[in-house]
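If you scroll down you'll find the structure; I have some questions about it.
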Amino acid sequence: MELSAREIAEIVAAEVHGDPERTIRGVAGLDAGAADQIGFLVGKADAGALAKTGLGAVFVKEVPDEPVSATLLVVDDPNLAFAIIAGRFHPLPRAVETRIHPTAVVGDGVEFDGPVEVGAHCVIEDGVRIGAGTVIEALAFVGGNCVIGADCLIHAQAVLYHGVVLGDRVRIHGHAVIGCDGFGFAVDKGRYVRVPQVGTVVLEDDVEVGACACIDRATFDETRVRRGTKIDNLVHIAHNCEIGEDGALAAQVGLAGSTKVGARARFGGQVGIAGHVEIADDVSLGAKTGVPQSIGEPGYYLGIPSLPAKETLKIWALWRRLPELWRTRKGSRGE
Amino acid sequence: MELSAREIAEIVAAEVHGDPERTIRGVAGLDAGAADQIGFLVGKADAGALAKTGLGAVFVKEVPDEPVSATLLVVDDPNLAFAIIAGRFHPLPRAVETRIHPTAVVGDGVEFDGPVEVGAHCVIEDGVRIGAGTVIEALAFVGGNCVIGADCLIHAQAVLYHGVVLGDRVRIHGHAVIGCDGFGFAVDKGRYVRVPQVGTVVLEDDVEVGACACIDRATFDETRVRRGTKIDNLVHIAHNCEIGEDGALAAQVGLAGSTKVGARARFGGQVGIAGHVEIADDVSLGAKTGVPQSIGEPGYYLGIPSLPAKETLKIWALWRRLPELWRTRKGSRGE
Amino acid sequence: MELSAREIAEIVAAEVHGDPERTIRGVAGLDAGAADQIGFLVGKADAGALAKTGLGAVFVKEVPDEPVSATLLVVDDPNLAFAIIAGRFHPLPRAVETRIHPTAVVGDGVEFDGPVEVGAHCVIEDGVRIGAGTVIEALAFVGGNCVIGADCLIHAQAVLYHGVVLGDRVRIHGHAVIGCDGFGFAVDKGRYVRVPQVGTVVLEDDVEVGACACIDRATFDETRVRRGTKIDNLVHIAHNCEIGEDGALAAQVGLAGSTKVGARARFGGQVGIAGHVEIADDVSLGAKTGVPQSIGEPGYYLGIPSLPAKETLKIWALWRRLPELWRTRKGSRGE
């Protein structure tokens, strides 16, 4: 596939500075590019790299003062323009005809709502329904009666327990586990008794789940991740949680059971949230933050336990001066 | 399967208020129930939901003042009664006849001590022994000479390295890895040299291991998890650890090497414990707690580093007032 | 296999005290050993165990005063000598002839540079190249155009996404995921748009990756782990990271995107490092440490946020005395 700089500019409504007839055949970083590749300038810090780049075209927010050899495509958001064009050159795989690898084991009553690809050694249990365009890579496991939407991409060795529901364009990475039993037990004379987890997991349209992430099924109803939310590697989402739309949860985040998270969550790595709490819309949490209770107001929170980030940053500054504070306490002799 | 309210009451020694002849065919939450389902009331907070429930029967601790349409089954522990009855309606799968999927690869000298199910594309290596009733789901891997007890449930894509020993009724979730090498190295002129891990892992009766949890094999002898302990998703248990009976380790907990944990541990999510320490029986650790040294007394601990929870909660309250404390230090002018 | 104590002494340049003709057929711990096994004394704390050991030979740093029945092999580093000899008795598997299990699915254009073993139900996609001696265990997935060096060991159910490059003697444990997409998105009117991750992952010679660890592919170029670095279970390494030679990252460590770590890193469990920072050579981080910014000096760091460990330890000591400090603040009446 190839596109001229002019064609690219039309797709993302960019203004062209330089040769619009350059032929672009791929994408690359500023440092490593070739004349038929396009990249983008993240910020002013990279301006030096722009002058030296071998790329044929670069998305920029502003045209620099000194001339550059690359064709510049001026847009408001170079990162977004790049993502859109890179997605053209590197689209996700999509089934255009049904291809079931002969080693795949497909159960009874499995329905395909259009072309579907199923890779080598996959196991699709009875009663599963799969939407048009969906690709299931090798060695994936899809439990009985799962419902998978259109244009999904289930990577190698992902596991869906029975009855899980995926919307359209859902992407599940390798070794993610969707629909494992919630961690629910009663206690009988000091011994744990399993509470059957009879609910399921629903991942709405455009949700993405990272490698080795685990999303447990609900005790009764459903654990739900709403449209467009992206979940990174090794994240744990316990039973009965709900996560709102358009969130981003970085790697190793953990949510305890029955917690509700609003829309547009932005959680840094290794964040932990207690069970049975509610987090408002538009809450950002710094990496490693621990949230013991509900957060009712949008904003940026930080620390263990979590506070508004401004407060935590002030405390962290003083925290470092605790020895000084100790020396100046009442009654001390400057010991 | 169906049970009358009366039959259910007999199983869990409940007192019946209302129609004992209701037919129950399943379980559900208070919110979503139907007339042939049973649920339970967690606490007084749900009393309103009880009045409105569509469930045919509900386990309660006390009969409410206002009448309800559901048959009430009064028990000391509604959660436990529910777990027991829900387990009747949703039992774990158990092999009643031996069924080896034709695509499973079963090695030489594999012994079944009774009926066993082995799913599609499983690989069972040489010399494995498996107890009666055990079900091994699709795509699981059981390394050479593992010994698996009776009525175990090995979920899709679990991995047991060679020589791992499981008791009876052990449950291993998808993508758990049991018996991986411990992280042990010597150093030779600055380079790491592998220390072979020649021990194994023993999981006693009724242990449950969550999705993507990792329990490493011992350097020499065994890493052991004792009877009845439940381990959630993404937990790491390093080589040579021992965990006592009837514990519950929430998701993303990590134990470093050679640590011994007593009975009835209750660890919140993301807890970390240093290596070579000992934790007494009946220790609870709040989520995200970091334990750098041994804990000799039962109790509830919290914080990084861990202290008795009462102390940590007091400190956290003052932590927030550090700026105020700073302003009132000796010699300050209220800056 | 068997070796005399004398032969063992020659391999590791040990001085023999006691019978040099003892026959050794394996390794064990001091507590559990038999007369044809060798072990090692970690430190003086184990001296009592040495007196009582049933082992036929023991590596020690010094000869104890009281006589022992075992042959003593005196070396500077007993742990290292043991690792070397234990590695002789328990070598990693190595392919000496090509054996492709009949159930393995091997794509077009796959090249073996010598003897290679491929286990049951493996899937090796098109264009993969594999070095001599490499063993790929059952149910592993190797994506298209991966390049795997010589004498590698890919354990059961490991996943390599397409195009990943492994050096020689690389070891990948079960359920590790190498080359998953980096967590990179642009935002279009509040919705996330995938940024294709067109780079790859390079793991240099002698790198080891633990169970369920995830190393993401780079946006453009490569995520790289340099020679000899060992990565424990459940570690997350985000896109574009670089980790220097001879490092050791304990379980559940997380590195955010584009972070550069120097040589000889030693990170405790559950450490987290922010994105786009640089960590100097020879940096050690205590367990659970959170690093928000670059660390320019070698040393041992600790805490959230990280400080030189000495400082953090001093602060932690005072932290515990915050209530006391509060009571003695200016203007307080000892409340």
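The chains carry the letters A, B and C, assigned in the order they are written, with residues numbered from 1 in each.
Keep this in mind: a contact is a pair of C-beta atoms (placed from the backbone, for glycine too) under 8 Å apart; a residue touches a chain by one contact, two chains touch by 3 or more.
What you see is a predicted model, and the numbers here were worked out from it, not measured in a lab.
Visitor: What graph shape do the protein chains here make by touch: line, ring, star, complete or other?
Guide: complete
Visitor: How many degrees of rotation bring the Cα atoms of chain B onto the matching Cα atoms of chain C, given to the nearest 5?
Guide: A turn of 120 degrees brings the C-alpha atoms of chain B onto chain C.
Visitor: Have a look at where chain A meets chain C and say same if over half of the interface residue numbers show up on both copies, different if under half do.
Guide: Counting which numbers both chains contribute, under half are shared, so the two copies meet through different residues.
Visitor: Please work out the Cα centroid separation of chain A and chain C, and write it as a whole number of Å.
Guide: So the centre of chain A lies 27 Å away from the centre of chain C.
Visitor: Which residues belonging to chain B are in contact with no fewer than two other chains?
Guide: 103, 121, 139, 157, 175, 212, 234, 252, 270, 304, 319, 325, 329-330, 332
Visitor: Which residues of chain A touch chain C in the complex?
Guide: Residue positions touching the partner: 26-29, 31-32, 39, 77, 79-80, 82-84, 86-87, 89-90, 92, 101, 103, 119-121, 137-139, 155-157, 173-175, 206, 208, 210-212, 228, 230, 232-234, 246, 248, 250-252, 264, 268-270, 287-288, 304, 316, 319-320, 322-323, 325-326, 329-332.
Visitor: Chain B touches which residues of chain A in the complex?
Guide: Touching chain B from chain A are residues 103, 105, 121, 123, 125, 139, 141, 143, 157, 159, 161, 175, 177, 180-181, 183, 185-188, 190-196, 198, 212, 214, 216, 219-221, 234, 236, 238, 252, 254, 256, 270, 272, 274, 290, 292, 304-305, 307, 311, 314-315, 318-319, 321, 325, 328-330, 332.
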